[in-house]
Each structure stands twice: as C-alpha cells, then as structure tokens.
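In what follows, structures are represented as structure tokens.
Okay, so chain A shows up in both of these, paired with chain B first and chain C after.
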Partner chain A sequence: MLIVVACFIARSKDLMVTVILFSIYGLLCASFFMLMDAVDVAFTEAAVGAGISPLLMLITLASVGRFQQAGRYPVVLIGFIGAVLGGLLVWATLGMPMFGDALAPVHQHVAPRYIEESGVEVGVPNIVTSVLASYRAFDTLGEVVVIFTAGVGVLSLLGGGSYQKRFLIDRIIDREEHKILRVVSKILIPPILLFALYVQFHGDYGPGGGFQAGVIFAAGVVLYTLFFGLKVVQQVISEMSVRVLAALGVLLYGCVGLVSLLKGHNYLDYYALAANPKTGQHLGILVIELGVGITVASVMILFFYTFARNFGGRGAVS
Partner chain B sequence: MSLMSGLFNYWAVAALLLIGLGIVVWQGNLIKKLVGLSIFQTAVFIFYISVGKVAGGTAPILDDSYSQYSNPLPHVLILTAIVVGIATTALALALVIRIKASYGSVEESDINGQDK
Partner chain C sequence: MFSHLAILQVVVPLMGAPACFMLGKARLTWLMSLLISVVTCAISIGLLLQVYQQGPISYALGGWQAPWGIEYRIDIINAYMLLIVSAMGALVLLAAKDTALTDIDEHRRPLFYVAYLLCLAGLLGIAATGDAFNVFVFLEISSLSMYCLIALNKDRRALWAAFRYLIVGTIGATFILIGIGYLYMMTGTLNMQDLAQRLPAIADNNAVISAYAFIMVGVGLKLALFPLHYWLPNAYTHAPNLVTAFLAATATKVAVYLVIRFNFFVFSPSWADFIQLGNHVLLILGSVAVLWASWIAIRQTDIKRLLAYSSVAQIGYMVMGIGMSSLLSLQASLLHLFNHALMKGGLFLVLATIALRLGSVDTSQLRGLAQRMPLTFWAFVIGGLSLIGMPATAGFISKWYLVQAAIEQQSWLLVAVVLAGSALAAIYVWKVVEVFWFTDKNTASNTRHLSQPQVPVTMSIAMWLLIIANVYFGIDTRLPVTLSEMGAQLLSGAS
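For the complex of A and B:
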C-alpha cells in the first residue's frame, strides 16, 4: 500500500494532491511501524509524517503556487535506470538475513546487552528510552542541537519581517469560519495536549519520551492555530517565548551533563545525580527528556509560526 | 520461511527508495523534490525498523511476561531521525520560500535559466 501511494505521489501534477497523499503515506508508515513493534517510532511518525510535515508543505505551497511542470527526462530513461538500480538492490537483499530472524547479526551486537542489562543498570522498563536517554545520551544531545540549529536556520531565513497587525492567514481563517470544526477542535485539543504531557512523563514506563511528546504537543498547538488564527494563539504562546524555550530545552539538557561533570563524573553520567544509582538514572532521564520535549515542541511551533507569518509569500523580506 | 516472505520487506524498501530517488531526479519542482526526498528517507526508516524486528518478539518495553523483544537500537535511531528529518525539511522549505521570493519560480529549469 505504501508503494501504491508513493506511485500516485510520483504521478500527480497537482502539488496539493501530492502533499495530501504524502500525509496518508505518513499515516501508513506509522501503522507499519506499529506492526513492527516500534511503538515509539510509530508515535513520532504519526505526529510528524501525517501532521506537521505535510502542513508545513501546504503552507509553503501557498507561497509558491500549486501546479508544477512535467518531468525533464523521458520516462523510458528513468525506467531503465530504475530497473538497473532496483535489480542491484534486490540482488543485494538476497544476502540479507531473513526478515524476523532472531539470529541475524544485528541482534547479536549491542542489542542483547541493552535488553538484558538495561533493567538492572538503568532501571527503566522502556528500553528505547533507556538507550536514547542514558546509553546514547551524547547522540541525543547532538540531535537536539541539530533540531535547535534548524530552528535558528529557519528563523534567519524567514524570520524578521514586519509584524503585521493582522496576519493574512488569520483573515482567511476568520472569513471562512468553520463553526463545527472549531467546536470539535475545542473538544479534541485538551486531550491532545494532556496526552502529550502523559507521553512526556510516562516515557520511562510506556512508549513515549521527549521527542514524541514534543511533536504531539506541537501538533495540538498547530491544530488550534488552524482554527482560531495566529493572533489568538500567540496571545497564549508568544513567538518570543517559543524562541526562548527552544534554547532553554537544549540548555537544560546540557546542564544535566555539566552537573555530573562538576560532581566528578563523566559528562551526562547520571549516577552522579543521586546517591542511589537508579534514582540518579531516573532523575537524569526525566530531566533530559524534559529538555528534549521543550526544545522539540518549541522548535516545531516556531517553524509553524514562521511559515504561517509568511503565508502567501508576502513576508519574505530580508 | 520462503524467499518471498523472508525478503519482501526489503524489496518494498528498494521500490520506495527508487520511487523517492526517481522523484528527486526526474521532477523539476523543488517541493516535489522535497516530497521525494522524504519518501526516500522513510524508505530508509522502514528498512531499519524491518531489520530490528524479531519474529515472535514484542515491543521493547521490559515486562515479566515476555522474554523475546525486538531490537530497540534501530527504534532509537529512527525515532530521533524522524524529528531531525522534519527539522531539516522545514529548513529546506524555508529555502524554497526564499528562492521563490528572489527567482519568482520553484521550477529548476526556470532557476537555471535565470542563472545563465
């Protein structure tokens, strides 16, 4: 099914259709991840792939126009190259271990250690969380910094510009006031935000964590903006506060590392945080996940604010 | 397990990779290219998650009633990769908006033509 949708995406000339198909594709992907036992990944993909990412593309479409020109090369040429590449890829898979094989090399390296020891060493039931926030905390710090940097990048490209009294997007939202959608969204949004907080703070025990919570929270806020307008939502969460929070999240993460450094341990060594090792790990994971969640949520909301402010391609001034 | 069912996931990944790559190379529209790139990206995600699956395993959340878990490491990598992916996509979209503002088009041929 994924392939079918992907084919339609490749064929459609109308970019609006493309983006909506892409959203369906994201949802299908999320269901697939669910089937593959990757519940944490499914959460993230559902919020990002089906929600935020197509939405940002749609807003961009408003500035760049919705129809595109045809492809550049003859289909036969592309088909030929595709067939050769595809043949090579399929040939390569013949050497792969069978799908679901428990003895495959990937499952022999570090994974058994994570599965067997993390319960004792970290004391958190969700192995994904303990790998993400404890064993590979350096990686995760790097990734959070990348996200933050992307936020700064988008701001430097599209930020600035004049703060209008009324945003163009608001005028459109107000003109086509969808009463039913507004009421439904009012019922839906509090549970979404609540669920995000649950995912954030329950990530040690069930599926969840900072990344998932961040994107779900952002999706809730974005939904609200779509129905009530940028002006209204910015009275609650101002753009400045989002900018500050994005930086604060990264700082919070980094400071946990500094605290353990100051206590004479390695950077991001949570055993330094409390006398009882498990309490230390728990505390460390909770705080850095909070940092991750804050940064991810604020950067996503920031993306949306910045894009929405440029809605219609008018604000693109340097 | 037969060859077909044992490798089907990887073949699907190969197909998605090709579709994504095809869109990136073939289409001139920058937004379409980004969608293609995202498809390419998710194909890689699907590959990782497929590799991590263990038959008969369950989601990697420790519980006394299960002993077989899927590999948690790919999940961690992909989980963060998705969020990083949307961040970079947003950056790319921002670039596209700026390109539209200065060139008046997001078609590659138009942009190349103006640069000459």
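For the complex of A and C:
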C-alpha cells in the first residue's frame, strides 16, 4: 500500500490531492512501524507525518495555489538513476540476514548488553529509552539540536516581517458553521494534552518520551488554534515564550551534561547526578526527556505560528 | 578540565547557539558568538597540543565505553581538522560584525549568528566523533543550518539556491544514512574502530559493498565532487558574502575529511582490491574536476561564481591526492585542505569587503578598483597568487607535494593535470585582476557619488590575517607540513 500511495503522489498534478495522499502515507507508515514493534516511532510518525506536516503544506498551498505548473524533466536520466538505485538496493538485500533471524549480527554484538544489562546499569524498564537517553544520549542531544536548528531556519526565512492584523485562520473560523467542530474539539483537546504529559513522564516504563510527547502536545495546541483562532491561542502561549522555550529545552539538556562535567565525570554521565547510580540515571533521563519535550513542542508550535502568520494572505481557501 | 577538552570543543558552540538565540540584539549576539568561537578555537589548539604530545585521545560520552556508548576519538587528523574549522570559524566571525552584514535583513541578523554557531558546532562534531551515526546527526545539524545561512541573503535567488542545495544535500544525507544503516545491520556496531575490525570478515557481502557505494556517493554530494557539484556554484554565488567565505573555508573540507576517514579507516582494512578501484575512480574524477571546473571558471563573469568553480577545481586536487593514496599524496591532500581554507577564506573575505564598500560585486562596478581601494586590490592579488600556486605562497606548497607524489608514481599525466590546472587558475585570476586594474571612465564617474559605508576594522583585520597567513605558511611551512606528515603516516599505517 505504501508503494501504491507513493506512486500516486508522484503522478498527481493536483497539489491538494498530493498533500492529502502524503497524510495517508504518514498514517500508513505509522501503522507499518506498529507492525514492526517500533511503537515509539509510530507515535511520532502519526503526529508529524499524518498530522502537522500535511497541515503546514495545506497552509502553504493556500497562498501558492493548488495546481502544479507543467514542467519538463529529463525523464530518461531520472529513470536511469532510479533504476540503478533500485537495483543496488535490491542487490544489497541479497546479502542481508533473513528478517527476524536471531543470529543476525545486530543481535550478536552490542544489543545483548543493552537487553541484558540495561535494567541493572540504567534501571529503566524500557530498553529503547535507556539506549536513546543514556547509552547514546549524545546522539539524542544532537537530534534535539537538529529540531532547534529547523526552528531557527523557519524563523530566519519566515520570521519577522509584517504582522497582519487579522490572520487568515481567524477569518475562516469566525463563521458560525464550525460550532459542532468546536464543541467536539473542546472534548478532545484536554485528553490529548493529558496524554502528551503521560507519554512524557511514562517514557521510562512504556513506549514514549520527549519526542513523542512534544509532537502530541503540539498537535493538541495546533488543533485548538484551528478551531479557535491564532489570536486566542497566542494570548495563552505567545510566540515569544515559544521561542525562549525552544532554546531553553536544548539548554536544559546540555546543562545536564555540564553538571556531570563539573562533578568530574564525563559529559552526560548520569551517575554523577546522584549518589545512588540508579537514581542518578533515572534523574538524568527524566530531565533530558523534559528538555526534549519542551524543545520539540515549542518548535512545532513555532512552525505552525510562523506558517499561519505568513501564508494565506490571498484567501485562496474558502 | 583538560581531560574534557574533546567534548567541550563541540559542546561550547552547540550550547552557545541557543544561548545566543535568547539574546535578540544583533550587536550583543555578535560579541557573544565571537567570544564562543574564540574559546572554541583556543580549545582546538589545546587539543592539538595534547594529541601531538600524548597521542590519540578517546573520550567516552556518558561514561559508556565504546562500542556501547558514543566515543569521541581525536587523533592527529581530527585535531588538525578541528583546528582548521574552528580557526576559520573564528576569523570569519570576526569579520562578520553586524554592520558588515549588509546583505542580510536587519531583523534576521541575530539569527545569522545562531545558525552560524550551529553550523560550526555541526562541522566540529563531524570532525571530532568516532561514531558513524553521530557523524550523521552532526551532518544534519551543519547542513540544516547551512541551508538557512544561504537563504538569509536579501537576494531572492538565494532562496532558490538554498532550496536546490537542500534537495541535493538531503539526498546525500539519506544515502549516508542508508550506508550507515547497512553497516549496522551487518556488523551490529556503529563505532568506527569497531567497524574497521569487524568488516573484514564479511567484506564481500553485497550489503557491505552497497554501504560503501552509498556512503561514498552521499559524501561526494556534500563534497561537490565533480559530477555531483551542481549545487555548489549557485549556493556560493547567492549566499551572503561572509557565509560564502565560511562555507568555502570549512564545509567542503569536512566532507573531504569524511572521505578520508571512511576510505582509509573504516573500509580500508576490509578489501584492498575494491578500495583500489574506488581510489582510481576518485583519481579520475578529481583530475576531471581540476581541468573542467577551471575551464568553466575562466568563462564566468560573476567573480563569486568564478571563485566557486575554482573551489570545485581545488576540491579536485584534494581528491586526486586521496586517489593516488601514497604517503606523499595523502600529505599533499591534507596540506591542501589547510592551504585552500586559507586562500579561499581570504579571497572571499576580500570580496565581502569590496561588496560592502561598493554595494555589489558586479564586474561593471569593479572596474578601476585598483585605484579606489589599492590595499584591498593587493590583498586579492596575493590571495590569487596563492590560488595559482606561486612559490612563496601557501598554495605552492601543497601543489609541490602533489607533483612530487605524481612523479614518485611516475604518472606524468597527473603532473600535467596539476600544471594545467595551475595555468588555468593563472588565467582566471588574471581575468579578475585585469578588470580591477583597468578603469572604465563611465562607471568610475558613476560610482563616485555613491555612499560608501565604513568597513568595520575587525573585518579588515580578519581579511589581512588570512592574506598574510597565505604568505607566512608559504615560507614557514613547519606547522602544516609536520601535522600533515603525521596524519599521512597514520593513514598509510591504517591501510
């Protein structure tokens, strides 16, 4: 099904259709990840791939128009590169271990220690969390910075500029016919936000963590904005505060590392944080996950704010 | 604290960026980021001394030993790269005072510094780490910030250039990720040293060979290696002037480092024959890049674009050195990394200064520049001579080593390529000098009554430091030659 949808995306000339197909593609991906037992990734993919990013594309479409201009492409060259690439990928699979093979190298080298010892060394039941937030915590710090960088990038392209008095979204949602949606959303949004917090703080035990919680929280806020308007939301969560929070989240994460440095341990060594090793690990993971959650949620909301503010001036959506 | 220098090298700019993000004022952000970059540069010097005296440093992040945790591994090549990147980062930032950023909208200038620090941290992270996946993470940080640095230019064409770079760069990053994923699948480890030990046992596996191909093509895209270079001239031409100086001096250098690291450390112990084939391909592509890009450069009228094509050609020299893969040629490559950073950084800073004074670098505006800005003109001439490879400039040293390496292997064709490349460089540098030298009456009178904004003192200092360094390292070659020799020995010892 993924392949079928991808083909449709490539063929479609109507950008609106493309975006909706993208959303379906994201949802399919999420289900696929579920099947592969990667629930953590599925969470994020469902919120971002199926939710927020198609929404951002839709907002952009509102100002650039719906149909693609016909262009000419070097079809033969593209086809050739595609064929070589596909061939290489297929050829490579011949050398790979069978799916689910217990003797595959992945299960032989590093992973056994993660599985057998992380409970003792890190003391967190969810192995994914202990790999992500402790063994390879520096990669995760890098990923958070990537998200922060994306925020900086969007701001540097779309930030500043003139503030419109009335946002397009506000104009659309002023109409009365959205009453039902509003009532439904009022019922839905509190549980979404609550669920986000649950995912955030329960990440040590079940699937979840800062990334997932951040996007779910942001999705809740975005949904609220869609039905009640940008102005109302910005009274609660101003753009300035989102900016500051985005930076603070990264700093919070980084400072955990600096604390362990000051205590004479290596960077991001959580054993430095408390006398009891397990408490130290637990505390470290909790704090850095909080940092991740804050940055991810803030950057996602920031994306939405800047997009909503800048686009849709022509009122193409009606 | 000295035992933690390895991680501080990357964490200082990495944490400095969000801190700067909260400042908001352009002047304040500049001072703060300048301070951070100077500290970063000082750390890299400290690291270099440490490695020079005591040998490679291994730093286990989070206290987890590799291969379970992420390892920072600084040997002499890493330390050398870190020095180049952080020193160039600090120098260009010195020039990038907020009033010097005339090609960026005023309210976006604070973001310039944030993105700049992020990019610096990303590049340093790639150069410092000993973990393959960590390379990818920091590659993403540096690339993303690079896209927005390019797009910051007021000129709308910058957006298109940045978008094209984004597409190409993302494809490159995806290829690298696929390659690293395959390697992990086949070995169960991400640590580079560990990979090097475990790969030989499964060297003729399809997935491992594909991983090599994917990683090399991916890095080749980032490197702007000859047939994959189409993004570079546009990106360099339309980026803000100081961003071009920074990118030209650092970004492609780090990509060259990645080629060296994967080619000679990770894959090389596995299959000598196959690497030999890869090296031949690199050699051919490098040679073609030198000749073809120099030829295209001659035909350019826009000076920034001309220098951008010249960069593609210079990258060709470095790749040629890797391709020959002898002790001497590797040393030449490493030397050229250093020297090219000096000359291109210097030349682009000269252009930035001119652009600031005259408002543009269109050829028509530049006629008769030698009379109006004589000092800056001579700075360009010195940088240009270094680019050609005149004796007593830095550019001569690296080309000399490359020619020696080619003679050692008795491949006269390669000697001819290097010499032809230099001759072509002489032509395109002369073309620019000619424009600067001869006055065109009409335009000279037109530009006279244009307002001339003051060039910040710091910018002139940074420019002259780099230009003088071009001469200094052409005469006193101890530092780069010693370091690159140690690096080359390390490389050939590993292979």
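The working rule: the second predicted complex is superposed on the first by the 292 of 318 C-alpha atoms of A that agree within 3 Å, B and C clash if a C-alpha of one lies under 4 Å from a C-alpha of the other, contacts with A are read in each partner's own complex, and residues count from 1 in each chain.
Everything below uses one rule, namely that contacts are C-beta pairs under 8 Å (C-beta built on N, C-alpha and C of every residue); 3 or more make two chains touch, one makes a residue touch a chain.
Keep in mind that what you see is a predicted model, and the values were worked out from it rather than measured.
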First (chain B), second (chain C), both or neither touched by A:M96: both
Touching partner for A:R243 - first (chain B), second (chain C), both, neither: second
Contacts of A:R113 with chain B and chain C, given as first, second, both or neither: second
Which superposed partner A:T306 touches (first chain B, second chain C, both, neither): first
Touched partner set for A:F138, first chain B, second chain C, both or neither: second
Partner chain(s) touched by A:A150 [first = chain B, second = chain C, both, neither]: both
Contacts of A:Y267 with chain B and chain C, given as first, second, both or neither: second
Contacts of A:E45 with chain B and chain C, given as first, second, both or neither: first
First (chain B), second (chain C), both or neither touched by A:G254: second
Comparison of chain B and chain C by chain A residues contacted: B
On chain A, the residue positions that both chain B and chain C contact, one per complex: 89, 93-94, 96, 104, 106-107, 110-111, 114, 136, 139, 143, 146, 150, 153, 157
Touch list for chain A against partner chain C, complex: 88-89, 91-97, 104-111, 113-114, 134-139, 141-143, 145-146, 148-150, 152-153, 155-157, 159-160, 243-244, 246-248, 250-251, 254-255, 257-258, 261, 265-271
Contact footprint of chain A on chain B as seen in their complex: 1, 3, 5-12, 14-23, 25-32, 34-36, 38-39, 42, 45-46, 49-63, 68-76, 78-80, 82-91, 93-98, 100-101, 106-109
Partner chain A, residues of chain C touching it in the complex: 4, 7-8, 11, 14-15, 17-19, 21-22, 59-64, 67-70, 105, 107-108, 111-112, 114-115, 118, 121, 125, 131, 133-134, 137-138, 140-141, 144-145, 147-148, 151-152, 159, 182, 184-190, 198, 202, 205-211, 213-214
Chain B-touching residues of chain A, taken from the complex the two chains share: 2-3, 6-7, 9-10, 15, 18-19, 22, 25-26, 29, 32-33, 36-41, 44-45, 48-49, 52-53, 56-57, 60-61, 63-65, 68-69, 71-73, 78, 82, 85-86, 89-90, 93-94, 96, 98-102, 104, 106-107, 110-111, 114-115, 118-119, 125-128, 131-132, 136, 139-140, 143, 146-147, 150-151, 153-154, 157-158, 205-207, 209, 211-212, 214-215, 296, 299-300, 303, 306-307, 310, 313, 316
